[in-house]
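This is the structure I want to talk about, given as structure tokens.
Letters A, B, C and D mark the chains as written, and numbering starts fresh at 1 in each.
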Amino acid sequence: MSPANSFGSTFVITLIGESHGRLVGVVLDGVPAGYAIDLESINKEMDRRKPGQSKVTTIRAEEDRVECLSGIFNGKTTGAPVTLVTWNKDADSSAYEKFKNLPRPGHADYTAMLRYGGFQDYRGSGRFSGRLTAGLVMAGAFASQVFRAVLPVTIGAHAREIAGIKHEGNVDVMKLRERVEQNPVRCYDAAIAKKMEEAIEKAQKDKDSVGGIVECIISGLPGGLGEPFFNSIESQLAHIVLSIGAVKGIEFGAGFGAARLHGSEDNDPYVVDKDGTITTTSNNAGGILGGITTGAPIVFRVAIKPTSSIGKKQKTVDMATKKPADLEYEGRHDPCIVPRAVPVVEAVSAIVVLDILLAAGVVPRIKR
Amino acid sequence: MSPANSFGSTFVITLIGESHGRLVGVVLDGVPAGYAIDLESINKEMDRRKPGQSKVTTIRAEEDRVECLSGIFNGKTTGAPVTLVTWNKDADSSAYEKFKNLPRPGHADYTAMLRYGGFQDYRGSGRFSGRLTAGLVMAGAFASQVFRAVLPVTIGAHAREIAGIKHEGNVDVMKLRERVEQNPVRCYDAAIAKKMEEAIEKAQKDKDSVGGIVECIISGLPGGLGEPFFNSIESQLAHIVLSIGAVKGIEFGAGFGAARLHGSEDNDPYVVDKDGTITTTSNNAGGILGGITTGAPIVFRVAIKPTSSIGKKQKTVDMATKKPADLEYEGRHDPCIVPRAVPVVEAVSAIVVLDILLAAGVVPRIKR
Amino acid sequence: MSPANSFGSTFVITLIGESHGRLVGVVLDGVPAGYAIDLESINKEMDRRKPGQSKVTTIRAEEDRVECLSGIFNGKTTGAPVTLVTWNKDADSSAYEKFKNLPRPGHADYTAMLRYGGFQDYRGSGRFSGRLTAGLVMAGAFASQVFRAVLPVTIGAHAREIAGIKHEGNVDVMKLRERVEQNPVRCYDAAIAKKMEEAIEKAQKDKDSVGGIVECIISGLPGGLGEPFFNSIESQLAHIVLSIGAVKGIEFGAGFGAARLHGSEDNDPYVVDKDGTITTTSNNAGGILGGITTGAPIVFRVAIKPTSSIGKKQKTVDMATKKPADLEYEGRHDPCIVPRAVPVVEAVSAIVVLDILLAAGVVPRIKR
Amino acid sequence: MSPANSFGSTFVITLIGESHGRLVGVVLDGVPAGYAIDLESINKEMDRRKPGQSKVTTIRAEEDRVECLSGIFNGKTTGAPVTLVTWNKDADSSAYEKFKNLPRPGHADYTAMLRYGGFQDYRGSGRFSGRLTAGLVMAGAFASQVFRAVLPVTIGAHAREIAGIKHEGNVDVMKLRERVEQNPVRCYDAAIAKKMEEAIEKAQKDKDSVGGIVECIISGLPGGLGEPFFNSIESQLAHIVLSIGAVKGIEFGAGFGAARLHGSEDNDPYVVDKDGTITTTSNNAGGILGGITTGAPIVFRVAIKPTSSIGKKQKTVDMATKKPADLEYEGRHDPCIVPRAVPVVEAVSAIVVLDILLAAGVVPRIKR
């Protein structure tokens, strides 16, 4: 394992900052030299993650511009650590003072107290705020620029399900980005997106929240990548995906559904093309066998729980008095974070992809 | 990340060996000193994992006795690395020579060729054999003895579902071990176990296989353990669980089901006992919030795909000739590995638990 | 190993920044919660490291104030990563443009070109500038505040030798800090300091430079710390000390001198006090046996080579034309960096000490 | 840092075993696939390290044959962890029982008690025996075979000084191996070797011991290798070298001598060959600048203290009674370990070289 706030073996990221502190950001180590980095492309990804994009996401206006504080010179990586940050605007932390002793059910308020003895920065949920994922988005957008300079890998995520409303159709990973940006819930299918949106609005009116499932596809990776036994591709993706606050599960390929198939159904038969390329006629494996890429797209789905911060009255305990208390939480929170989780899941996938491609020598240490 | 074949940050395990090589085993580093280790208890766990326990598991007779080659002196840990191994009996590798160029669909045969350029030990599936999990079981049984000398943590797993047959009733973690050992499929409910067994036998007759879901419960851990952002409890468990060959998914607490709940349903309300203890009235969080333990039992479920090695005719490609080929695989393989996965999932949980408890200082470096 | 720009196992530091970039600083991970941090104390250490303190150090005026960008809330550590930085003032990089193709003998100019393919930030020597040690000083001053809240460990370094002028007398670690601050070369003995100073001035007049030896003493650590085989105390200290640019050697206790002693001279005999405390009558071991602390002070010495950047004419090669060239380097550089290396060696010692004390559980994860 | 008993980032070794336990050996992870390994070559290195080679080394007869327990198939590496061991013969541990409570001055007996609470395996010094270096020699000999399949790197060490008797002449790295094997002290110069031998015999007669200095040269590495800031070549070499029990110091190139040079003397001037190759006219840098290889040979020297286990009467403390005691130690120990340290220093150098070459992609992950 890397230290607590770091992830990766060759390309290593360290998340810094707090929701209402000076900044949120990320430090990138193991960066290869000579890769052109366009900060505006990173900012575009930041825009996709930011709140206030529509009525179904929180209305707090974050104007997050990414600054690079180290590691880039004349527009290219130098090989030194890259520090990417966005400065926090003056935030109103008074709501957090008010609810400081009333841990939100389903949130990390209570466990953070246990873990850090009450010394954690609780303003805006501190380290446990969804705002921390901004650092992941920066890192992912950076990583994509690096590996795409070498290999045309495409990563696309979308809302497979929100509030129980499922999109079960096929998706074309090449069209994913364009399609999901056409509706606020980031569903591939416009009609289903509409229903998802209505379900979110309904929950919002009830001062409640809903969850969903994000699916991610990584296309263009060669076969033979991955490090069994313990750094299987699934292990690495699951590790970082399950670090994201609201994620409660992950499945690859046929996933939990594979548990109900026969081997003869689940196994993907091999076929050979005229040019000698070996592929499979199905992809229940989700592009991974024995922890190693097959060359087929990697496909995984992520369970996102409903936002824990809700306005509806809930039972809690006053930590100061140790008495039962009612909590009617105030504050601007997404009634559903699935739409904003889409770019975050893409970002962490990109982080893993660069780590793997650097370790395998596919992305060279110097781009000449 | 640790190197490829190692796992852990404070308690670090390295898996060694191959299916038909000299041995399979594990090296344990970061072992605290002065803990009594009973090899017979480890052997009992090995017996639970071994094949041939019933007609629903493979009939290959492994007589696996664990030997300790280092790190234990006068029955106690010394603080030096512990090496635990079991020697492989002379195995017949001829079947593997026969099928050497015919990668089994759904197995790692093909990806191993890509990853290791054909130099992998393919006999008995080499490093990709389920036999490698013997090292995990040794490590887990060892870890349990260490932390249970300090803290009464109970880890129990069971078959929640096999071949689509579900056991949906509640389980008592204290009775889990005893109950699951009363039937060959390791289901908590005897009647459901019977149906699962029949489904497995049916698949076996068809030269096919089935999968299922293993649930694991870790009870007795204090709140406040875990290392967000990137070493959340979920991340650490998912990392090692998804290293196991046939696992295709993991979910915590309400898991994928949480994606269909409202926040007001999913959030676990806090209550306070007369003695001031704070608990929750439900456990949709699966004992983890923000990556940190709440003090409630950790609950997770693991999707196990159907065994990929089946006798039924399948399409593959002859790697020598690059021509399509039919494969009717021979060899003794479990028609369902869920029953044998139960002790393996318990074992990897114990490995993570010791790592976390050592890092937190709950398990001291010297047991005086 | 940690990634390239990180150091530590439990307390992990990552150095960020470049000499003429936006900032230099450090990210600290694995920080325990609840420790009071006084930025002014860190600034005092920064003042000791900064150039322009006297005529024997460079006259570039750095006004380095440390800012904390994350991880401290209400004056105490939160348990989240701490980011400490100092912003670079607008620096004149024109000298570096001029000499860009003329690698300085003895400097990293040439090897940086090889390693980073010419993409390194060469302004002000970029990552290879002594300025990077500012991040080490911040980290060390921070670490000291943490462990001194728990244990009275004293770390003191001093100039043992400069330009061949040796201070061979004994030193009292408790008086070290005060004594070395009374002269610009940081020698314990005022009279010898004067001679060292003259030697440096002589070299400066000749557009040349001199080196020396820094000795460091760590007092107050309990016995029994360290992790053999590979994380011996010597290994950890040597690892970080030899990362510092101009360091070419390290020795512990009797060091290279031990190579000339008999075992009967070098071995430190054990004696027992009236109160049962076991100590040794000498400390040739430098406080470490078998990689583990004995309880006696840790003593080590560090060889510092003469500053490589000198004004005297030197032979080099023009990298653009691949022709021989003469180099008369311009720019403000210390004719001897030993005085400024003193606080840096103390700082890296403090970083190792905190790492070891956290791993051993001596410094608790929460300061209540 | 890696866990305590492991070293390396890409090529990771874990030392297993104890002096009088079942075995000593090493587990190698991150091994690339397809490299031919000749166990007999490894055994030859083991012979160089083994005791009893002459009257100046201990007379305990170790007949150490290396066995490979995993990771090699058909004579080539598979990519899986390689386990190399040698089995301990039945050793007489009675001497250790006798002196169990009388810690030898200068040995790890006392610190091991503190660190492991008395649970350490004290027989034959357990983990603190020089016998553990057998695992390093296996790993080093293995590593050499891997990188020499790709790059003609030559590593040679020799006794620069024993008991104060210095060999100050130049050495030719290509002749080193042959020359040092012609005398029992492994000195390059036969006449000086004779004097060293006499000095060792003299010490032995006095029931005393002597130390010395080993110099090591690594020739054939390209420039541009290394990972500043914290994984400089010096840091990596120093880390592993200072893990070896009797080592008390390390210096690179001009080393401590550089502290007495002027910059104009110490800086190695660049020159350009007719074919455009850039070299230096001297090598005070020891082949490393800014932590990165220059392409010149890496040269470092290691201070070896006199063997701490001596027969001469010494003062110690009886740990059982806490009373002063006299110790006249019995047992077969080298009066000087410098000759046997020579192959160990070569071995650890080879371990670092493979790690660096794998990380840099110079040694490919598959040897086709």
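As a working rule, a contact is a pair of C-beta atoms (placed from the backbone, for glycine too) under 8 Å apart; a residue touches a chain by one contact, two chains touch by 3 or more.
Please read all numbers here as calculations on a predicted model, not as lab measurements.
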item	value
Smallest count of steps, each to a touching chain, taking chain A to chain D	1
Maximum centroid distance from chain C, chain identifier (CA atoms)	B
Rounded Å distance between chain B and chain C, as computed from the means of their C-alpha atoms	46
Chain A and chain B, separation of their C-alpha mean positions in angstrom	27
Between chain A and chain C, centroid-to-centroid distance (C-alpha), Å	39
Multi-chain contact residues (two or more partners), chain C	2, 4-6, 8, 15, 115, 127
Complex contact set, residues of chain D against chain C	1-2, 4-9, 15, 103-108, 110-112, 114-115, 127-128, 132, 161, 163-164, 203, 206, 208-213, 223-232, 234-236, 238-240, 242-243, 245, 247-256, 258-272, 276, 278, 280-281, 284-286, 288-295, 303-310, 312, 314-317, 322-324
Residues of chain A touching chain C in the complex	2-6, 8, 10, 12, 14-18, 21-23, 27, 29-30, 33-34, 69-71, 73, 76-81, 83, 85, 115-121, 123, 126-127, 366-368
Footprint of chain C on chain B - complex, ascending	360-361, 364-365
